[in-house]
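In what follows, structures are represented as structure tokens.
Look for chain A in each of the two complexes below; its partner is chain B in the first and chain C in the second.
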Partner chain A sequence: MKVSLQAIYSIFRARFRIYTRYSGWLILSFAYPIFMTLMPIFLAISVGGSIQTASEAFSVYAGTREFVFYILVGSTIWSISVNILWDFGMWLYEEMEAGTLEQLFLTPASVAELLLGAVMYTLVVSLITSFIGLLIASTLFGYLHYLLSIEFIIAIGIIVLGFVPLMGMAVFFGAIVLKIKEPWAFFNFFTAFLVFIAGVFYPITILPPLARHIAIIFPATIQICDSRAVLLHIDYIFDPAIDILILISYAIFWPIFGGIMFRRVESELKLKGSIGAH
Partner chain B sequence: MSDVVIVAENLEKKYETKVPVGLFRRKRKIVHALRGVSLSVEEGEIFGLLGPNGAGKTTLIKILTTLLIPDAGKAIVLGFDVVKYPDEVKRRIGVMLMGERALYWKLTGRENLEFFGSLYRVPSKILKDRINQIVDFLKINEFIDRLVETYSSGQKVLLAFAKALINDAPLIFLDEPTVALDPRRALDIRQKILSLKSEGKTIFLTTHIMQEAEELCDRVAIIDNGKIVAIGTPEELKSTLKGRSAIEVDISSKNMEDLANKIANIDGVHKVAWKVVSSERGHITRLRALCDSPRQILPQVVEVILENDAKIYYIKPEEPTLEDVFLYYTGKLLQ
Partner chain C sequence: MEIRKHLDQLKAIVKFNLKIETRYPISYMAGFLNMFFWLFSFSILVLMFSRGTGEEKIIGNIIMWGFVAYLVFQGLLGEVGFGLIRLQRRGTLEQILLTPISPWILPLGLAGFTIIIHMLFVVFAIFLFCILMKVPIIIKNPLGGFLAGVLFFMMAYGLALLYAGWALKAKRSGWALINAIQIITMLFCGVFYSFRTAPQAVLTISRIIPLSYAIDLLRTTIVGIEPELISTATILGIEIQGRLLEWILVTALSTLLLALGYLYLTRSIEDAKRKGYLATY
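Right, the complex of A and B next:
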């Protein structure tokens, strides 16, 4: 399958232009990850009474007293992951609503080009806004040294590796959106479910055993847990090598599975004549 | 001899729709959109698919442009099977489908063309010049750099037409290209379609406007209820009327159904149909009677109308048109 960089860039540029023409977009994009991070921190302080008491209680399960940074890493990765997971599906839904989806299917652009173009926008915007959010919060709470360490670069490597299966899952979710035509109920459920299952605000070790096993199905869980493990020198899910192997196997499985499912749904819609319907 | 660029053989398409019955129940309804459609289009011709709304025109164009998979039958476009090789087909065709909804309203016209040009893999160096050529060709300079959301309906349709030209395809599909346009813009578009033909492009267009098909098309297929009922050049189709022509009456009557039946019973009248049209008098009924010799039958038609207390605004014998061909084959009028 040929992938045209021009086509990918064109989708990215069009999306960027469209969103920047809605006033207030930029400010809200930057504000979102900061508030997502601050909420659980204040919750923890209010429950614990102070940062110190909250830290001591937190370290029993998490293995670190740096609970603010722990949550900061979790919420930042969760925010990027959710965006990548859903953005392709949401974009397809928006195209369906606008009536332009059929026009995209009329062009020779491949699913990979559509996905990469759509996700490139999300990736760039999410990474920039999340990093700025992380930078501001780290400065405020005195964790800037973590961002200047070699471990931070390793953590970024783990996070980037996790983007590959996430994009595959995004294609699968895109297929679901095309099929069910109404993404919101699924989106709301899954966003909350991912916060719960991937250990965004707490270690997955406190989850019930079944939930812990389900958690590992999601690449975001490994991204979050292993990034924290590298940065805070705490336990990995299994072992660094095994965790990375799992992530690599997901990176192979999800894009193939997502692509197959998308093709199946596309054929089904072409048979039903409902590509543009929503 | 010209090459054949489109071949459709026995295309069948059914849709299943679900009609809500009460709060949770839905009733299945099958719509038979195409019933064994076969046709071929030669290189360099303007081929028109003429039929009323819901006749199956858009379904056929969607199959030929790879948006739909037929339930049965086969379609070959520029030598490629549309089901087996959709990407090969898509690269080689230009399509105007859905008119103004085909565009990104938050982008300018030029940005829309750049976007779609890139998806068609037009090299960047060529794309800029091509957009300028299309803009000049369609004379859309005055609004091409404005956001599409500020366009009138006619301007949006023109931009959708421009989009269909962006990959300089040898075969262009146009679905109702003039439907939202005022008469002057519609005439402009028709002239542009003719100049595309003079450049050697093949045009496949759907329309429910009889004059448009007659003016533009080298050959016309008349489609009704999912079936091709007649196919040929406009002259060939009119010759199937065997010398019959029509009487057209703009009329106001309390019981049109009854009046139409009475006119149909006049000797020498073969088919009668009527439709409501907009005119300077508001919405009026336009009746068309297909008959052997309109000038002789005209007085009897007037007599029947007056006997039924109907009011005549306008009546005259007319030369046969494709509308009469449609009436002859289907017993209905087009619009």
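Right, the complex of A and C next:
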């Protein structure tokens, strides 16, 4: 047990050290949710004429006039989700490109330890940077009171619960990276698709019925909608209990499915001798 | 004779890159889908906030041409600026720069390739704007728009050269800078909004960035409206129209940035050759 924890910690520390070498990355991580919020706000003001008219128009669809905070919550959760989903796969890709992936898999550390160390790093870094970003943005836009409420703690609970299926999905995407070798195209497509389907900028009730059904497949949709519902006292996707049950079922399914798929791809590639090839 | 030789070399670089790119059709499909979903999400916002006053046509065109300019800029930054870093990472940059071609040929060839590839994205983006956001295309001054487009290209290319020169030294840190440049451009250069409705604080920053003026000149010339960033001013007792002032400013800035970019990149390459880090990453 102690050896396992040491291995997990070593992976975590190695990745964290590389990350802290580049201060530019750190600054960008804080800035990203703010940037993602400002972009649609500028568009809204341009089309709506002013922030007041934009807020009024938005309240008709979303049930709240606080459209800046609404988008801020969406973009913060979206950026955490995208980070968690892709960071593990991108780490494998970088190791593959540098030619060190096979060596990594040949160390006495098990695949599960490697996975946990890498995913823990992503989780800790994404969570800290995104919440600092959210804090800065909320202070700038005057929404700090939302972060100092009981509702915010409940919202964090929902977001954290959603991390479990996301980590499982991250392992599944890691398997895809090992298999297809060049994941950028898929990554770019999926990032944009998640913005559209998970209702990062707008409520998913605006989407056509089929798109709404697809949206619920993604844990990020539930995280975004329900966190907003708690914070802004607006509608949940179905009902708080049902939404949490769906999230729990995803939290059971995705880690098992991701783990199985990763094992399968890993054994297949080891057999072919192409695990380290790029 | 010399010109023909240069043109052949340019053609070879463009052709080589195009050949490589055509090997990855899925990557392009993903690129188109990526743009589709971003624009689809924004079009939902546009429909939500639309007031139906008729002014949306102009604003829609302003945003559309702003987005087109951004596509070209980020293409140049990615392929010219980051393209040299990619070659450095792969270890082929030194070999390429040791061939007897002039130092300006490689980046210009990459720029030519980018323009060809990104024209497809530009056409697709305009199509999406027309279909999804119901924006009718307004082109009131095609010749002026073309000239403004040339100036915009010069400025964007100059900035890409400056970035490439710096990133050759900075290596991995350059990744963060390229993202930061893209974010700053999107936020402050009017990519998704009209400068007319932008908050004063944003406009103050926009006015410091040369690219804002090039984007403003490009789109207001095409759409046929007065510039949004510069108004009529009196300089040394002479009243100069905002439009003329913006043409003069953008021409001067484009020429200056292009020259600076070229000089800085050449200097960086020479420095890298001398210190021996051209092939190390």
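One rule holds for everything that comes next: the second predicted complex is superposed on the first by the 271 of 278 C-alpha atoms of A that agree within 3 Å, B and C clash if a C-alpha of one lies under 4 Å from a C-alpha of the other, contacts with A are read in each partner's own complex, and residues count from 1 in each chain.
Keep in mind that, in the parts below, a contact is a pair of C-beta atoms (placed from the backbone, for glycine too) under 8 Å apart; a residue touches a chain by one contact, two chains touch by 3 or more.
Computed from a predicted model, the values in this text were never measured in an experiment.
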Which of chain B and chain C A:Gly63 touches, first, second, both or neither = neither
For A:Gln6, select first, second, both or neither according to whether it touches chain B, chain C, the two together, or no partner.
-> first
Where does A:Thr107 make contact in the superposed view: on chain B (first), on chain C (second), on both, or on neither?
-> first
In the overlay, answer first, second, both or neither for which of chain B and chain C A:Ala14 touches.
-> first
Check whether A:Thr53 is in contact with chain B, with chain C, with both or with neither, and answer first, second, both or neither.
-> second
Identify which of chain B and chain C touches the larger number of residues of chain A.
-> C
Which holds for A:Asn188: it touches chain B only (first), chain C only (second), both, or neither?
-> second
Figure out whether A:Lys272 sits in contact with chain B (first) or chain C (second), or with both, or with neither.
-> first
Dual-contact residues of chain A (chain B, chain C) 22
Sort out for me which residues of chain A touch chain C in the complex.
-> 22, 24-25, 27-28, 31-32, 35, 38-40, 42-50, 53-54, 57-58, 61, 182, 184-186, 188-189, 191-193, 195-196, 200-202, 206
Using the touch definition up top, name the residues of chain B that touch chain A in the complex.
-> 13, 15-16, 33, 59, 62, 65-69, 71, 87, 90-91, 95, 97-98, 101-107, 111, 114-116, 118-121, 123-124, 147, 163
Contact set on chain A toward chain B in their complex = 4, 6-7, 9-11, 13-14, 17-18, 21-22, 98-100, 102-110, 113, 267, 270-273, 275-276
Listed in rising order, chain C residues that touch chain A in their complex are 24, 26-27, 29-31, 33-38, 40-42, 44-46, 48-51, 53, 56, 59, 62-63, 172-173, 175-177, 179-180, 183, 186-187, 192-194, 197-199, 202
